[in-house]
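Chain IDs A, B, C, D, E and F follow the sequence of writing; residue 1 opens each chain.
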Amino acid sequence: MSAQEFLAMGGYGFYVWTSYGICLVVLVANVVIPVIQRKQFLRQQALKQKRQDS
Amino acid sequence: MALFDAFTAIVRRDLVLALRRRSECANPVLFFILVITLFPLGIGAQPKLLQAIAPGIIWVSALLATMLSLDSLFRSDFDDGSLEQILLSPYPTSILVLGKITAHWLTTGLPLLIVAPLLAVFLGLPNQSLSILLLTLALGTPILSLIGAVGVALTVGLRRGGMILSLLVLPLYVPVLIFASNAVEMAGSGLPVAAQINILVSMLLMALVLAPWPTAAALKMSINS
Amino acid sequence: MALFDAFTAIVRRDLVLALRRRSECANPVLFFILVITLFPLGIGAQPKLLQAIAPGIIWVSALLATMLSLDSLFRSDFDDGSLEQILLSPYPTSILVLGKITAHWLTTGLPLLIVAPLLAVFLGLPNQSLSILLLTLALGTPILSLIGAVGVALTVGLRRGGMILSLLVLPLYVPVLIFASNAVEMAGSGLPVAAQINILVSMLLMALVLAPWPTAAALKMSINS
Amino acid sequence: MHPKSCHKLEGQNLSCTRDDRELFAGLGFAVHPGQVLLLEGNNGSGKTSLLRIICGFREPDTGTVSWGEEAIPHYQYYSDMAYVGHLDGIKKELTVLENLKLSQALSQSGRLTIQQALDKVRLSGYEDTLIQALSAGQKRRLSLARLLITHNVLWILDEPFTSLDKQGITLMESLMAEHCANGGMIVMTSHHDIDLNGVDVQRIRLS
Amino acid sequence: MHPKSCHKLEGQNLSCTRDDRELFAGLGFAVHPGQVLLLEGNNGSGKTSLLRIICGFREPDTGTVSWGEEAIPHYQYYSDMAYVGHLDGIKKELTVLENLKLSQALSQSGRLTIQQALDKVRLSGYEDTLIQALSAGQKRRLSLARLLITHNVLWILDEPFTSLDKQGITLMESLMAEHCANGGMIVMTSHHDIDLNGVDVQRIRLS
Amino acid sequence: MFLVPDPVVRFFHRMASPPHFYALTERLMPWLVVIFLLLAASGLYGGLYLAPPDYQQGDSYRIIYIHVPSAWMSLFIYVVMAIAGGIGLVWRIKLAEIVMISSASVGASFTFIALVTGSLWGKPMWGAWWVWDARLTSELILLFLYLGVIGLYGAMDDKRSASKAVAILALVGVVNIPIIHYSVEWWNTLHQGPTVTKMDKPSIHVTMLVPLLLMALAFKIYYLIALILRARIELLQRERNAQWVKTKAVEEGGL
């Protein structure tokens, strides 16, 4: 099976790959957002402590 | 019995209040009528079409009318501190809450039941399904009040509970809507509807027994802010 | 210009408030979506039928969603005394009120416009009427906000304005509903719709110029109690 | 007169934090029959928060409040106490009489009849007036009348003197003194100086 | 400092009836720059009603209120006056700073900057706090800060001391005295005794 | 309380102590990620490459490998959420509250994926993006339930009472789950009846079934990962005044 054929998915390429694409985006977002939020939160807390210490 | 006295006192109070705020009492039913008249306007005068969608429209409107009247169930009591006083009563909150729900149904569900036949005729609903429509409304609207009470109790403490309430409550209303409007439709085609009615009856009983508890719990939580 | 500053300050304030009360901002549109999903549930899965009533359903839901969001337009300002302060401002109340209406449309009408295409597809609305649907919504929802403002201003002083409001406002909404849903339907059958669109445009202009005055006057009257 | 006035109200190790700010911590108190506990403190020091904890509306972050050896909330507590907070808890659309009758139905009857209580707070003659036609101070008097017509040992009052004119304040003070003389207890906040002859007043200062 | 402080507030032959009960009739007064008009009276005597008439919210049954020879309401009046009533008029979901900025946008700037005003009412440090996290007294202080940051000659205050602690009351009194010393005028109600050194206080007793 | 012996409750309370939980998940995380990647890779390889096209649906059926697992997860996570909510209400275990609220957004995501992929599958199969049949509609309602949970939690400032409110809502809403699951049997619909979950004899070929099960497992592990990540923030925010959070902030705050 050529890569072209594989991507075409027997004519259903659009439907299949959009599905997988959206799925990927949502799943990745669900992991990345919390990681970013945690970084931000910890930074804010650290800043706050610094403010309080000084 | 003192507990029963407290229950009736609550019911009576809410009925008197509804009477004093005359507009509020008439309003869910007015809204019901208005929404139902909007559809022919939006869809255009096509009798066949209207007849086909009549059960759905009536039930959806009943559901919206009930839902919109829910906010008044606890809102004013919350705003003026009466709710605090009710929660401080030595009697079980769930019973007092059931009193409030009863009054709510008497002032919103019951009037809907009374005007429904008129609107059904207006939309051209076949005669044989009219009695089933009334039966489903009689069984369904108390369920709506009971389930709705849980939703309002959860949101009454929020500054703007009005709209989030619909998000919470409508999904829970869906089963009632499906079974009830389905029954009316089936009756229109002369099919048996015992199954749907049985389901509605059991939902009503369940809601009657179960709903006051989470409502009371949610009110206690709402007051804590 | 100080007057313009006051106007933008009001718009900005209401947008910030909508953002802070996150739920409120998303809610009219959620309600819109919810109501539209209720209809197929109540009516049953009959694609032909749904397609036939789609313009009506979408417009009735848009109308209800706007109407329900109206209460928040002045309610909280009335309750916490901000409205008194706005009326005591030396700037013309009608301009400040127009600021509030603008913010209201940005947070309710605009989101409806954005999700409408999706719902239209769900209900199987033909493609050629989609653009007309959007056009009518773009012209119609500001009219709804403007007319609605007069109604809320009249009822905000009543303790339970919510329901009597619908009685006041819905009749005024009917022309918008009729012309707009008619235009969408005609477009679906490939007929010209310029007449309806022209009417909507002139209604919008009239509302824009005329509505702020009675709104301001009604607010002054509501505060006097 | 107060059959269960042998109860006492006790708070142990109470603390409350709002938005990262500790309002109070390790707070303890005991109120016995006949005593008044007066919470003092500047604006924002946590008086209202503490009262709401004592009512059982809010859970303290640590510690317990107990009534008669048992931690609240429990049935006995709610039949023995009454609360008048920042909000009146009276319905605008009902008359004075209807409001008081409802309060009685939700609780057990107290020392005075409705008529006697209205006389005391100088509202007799207003029985059939709707609450929305009362002024700020008249409403306040009504919510005080509620204290008199229901059975209660413990009064919890958040700034009871708000909106009252001088006559009203004197009246309120005499009612409080009478309540304590009958073995009642009071927990209250006030920015006014209170003047209770011969009553044992404990003070807690929050800051 | 107050360029238009030559204006005076005058009430003539004012009367007000609510529910068949005449609250006052034929009432007249005149307040000149530097003066305070103190409305006294028991609960329900009509003080709030009179203040709302003076604000132009309510029309009197007879008589007129005028500002600078012209009957209210008119533009000049609304740019010269400020009102603090039973309701705060501040939005719970906004911060202290946002609220004050809004007030400034709706009116003309006054004597003090926002920062100075917050310092005066002891709320500095709370700039970015949401109002809903303020206590009753803190909210009150904020609505007083609003008086200081906008241009106004006439203050109309309905029980401005409500919820304030003792420090807050002293502060308020000094602000009022300062306002009058600068040629401002005040119409107010209070159940407290007020203590304004060297200010010309007129009293009207409603009953 | 309630039938559960005290030592058990105490054990759970200790396990559920925030710093303990935080440290444990930190050690667990790499393993979970590795397992997830292995499962997903083999599932996708089997599903997209090895499995033959369906004789009726051609290659479009390959959407099944994300549609069905995510649809299952959408139901599963709601049940988990309701159970955690119940535990949080009765025993006041903070961790249960956190599991509940952290599940909501993951569950909403899976519901969203199930809807979108189903819709994308429906267009070639049924000729319409959307039909209003019972299963589809009830899945949509499930999305609303999730959004309601998230919205309610967001709308309340005090997170302790917000958790209680959400728990009550989740418990009440759980009645919808059986309706969604059995909707295909109760109403005649366009949607596929149970094919995989028929216990006795799945009516699906093994080469198609195995990748599906692998993907289902991979999604379960993914849920754990996402749950843990969310739970950690929630935990940090609630415990922001505790010493261990302060130390962590200084260590990891990047200052």
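Going forward, a residue touches a chain if its C-beta (ideal position, glycine included) is under 8 Å from a C-beta of that chain, and two chains touch if they have at least 3 such contacts.
Every value quoted in this text rests on a predicted model; they were computed, and no experiment measured them.
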Homomeric contact chain B-chain C: same or different residue positions, threshold half: same
Relative to chain D, chain with the most remote C-alpha centre: A
Busiest interface, counted in C-beta pairs: B-C
Separation of mean Cα positions, chain C and chain B [Å, integer]: 26
Between chain F and chain D, distance of the C-alpha-averaged centres to the nearest whole Å: 48
Computed distance of Cα centres, chain B from chain A, in Å: 42
Whole-Å gap separating chain A and chain F, where each centre is the average of the chain's CA atoms: 17
Multi-chain contact sites of chain D, meaning residues that touch two or more partners: 59, 86, 92-93
Touching two or more other chains - residues of chain B: 21, 76, 158-160, 164, 167, 170, 174, 178, 224-225
Where chain A touches two or more other chains at once, by residue number: none
Touching residues (chain side chain F, partner chain C) in the complex: 128-133, 137, 140-141, 144, 147, 151, 154-155, 189
In the complex with chain C, residue positions of chain B that touch it: 21, 23-24, 27-28, 30-31, 34-35, 38-39, 41-44, 46, 49, 52-53, 55-57, 59-60, 63-64, 68-69, 71-72, 76, 158-160, 162-164, 166-167, 170, 174, 177-178, 181-182, 185
List of chain E residues in touch with chain D within their complex: 18-19, 41-46, 48, 86, 133-138, 140-141, 159, 162-168, 191
Parts of chain A lying in touch with chain F, wherever the complex brings them together: 1, 6, 9-12, 15-16, 18-20, 22-23, 26-27, 29-31, 34-35, 37-39, 41-43, 45-47, 49-50
List of chain F residues in touch with chain B within their complex: 89, 134, 137-138, 141-142, 144-145, 147-148, 151-152, 155-158, 161, 164-165, 168-169, 171-173, 175-176, 179
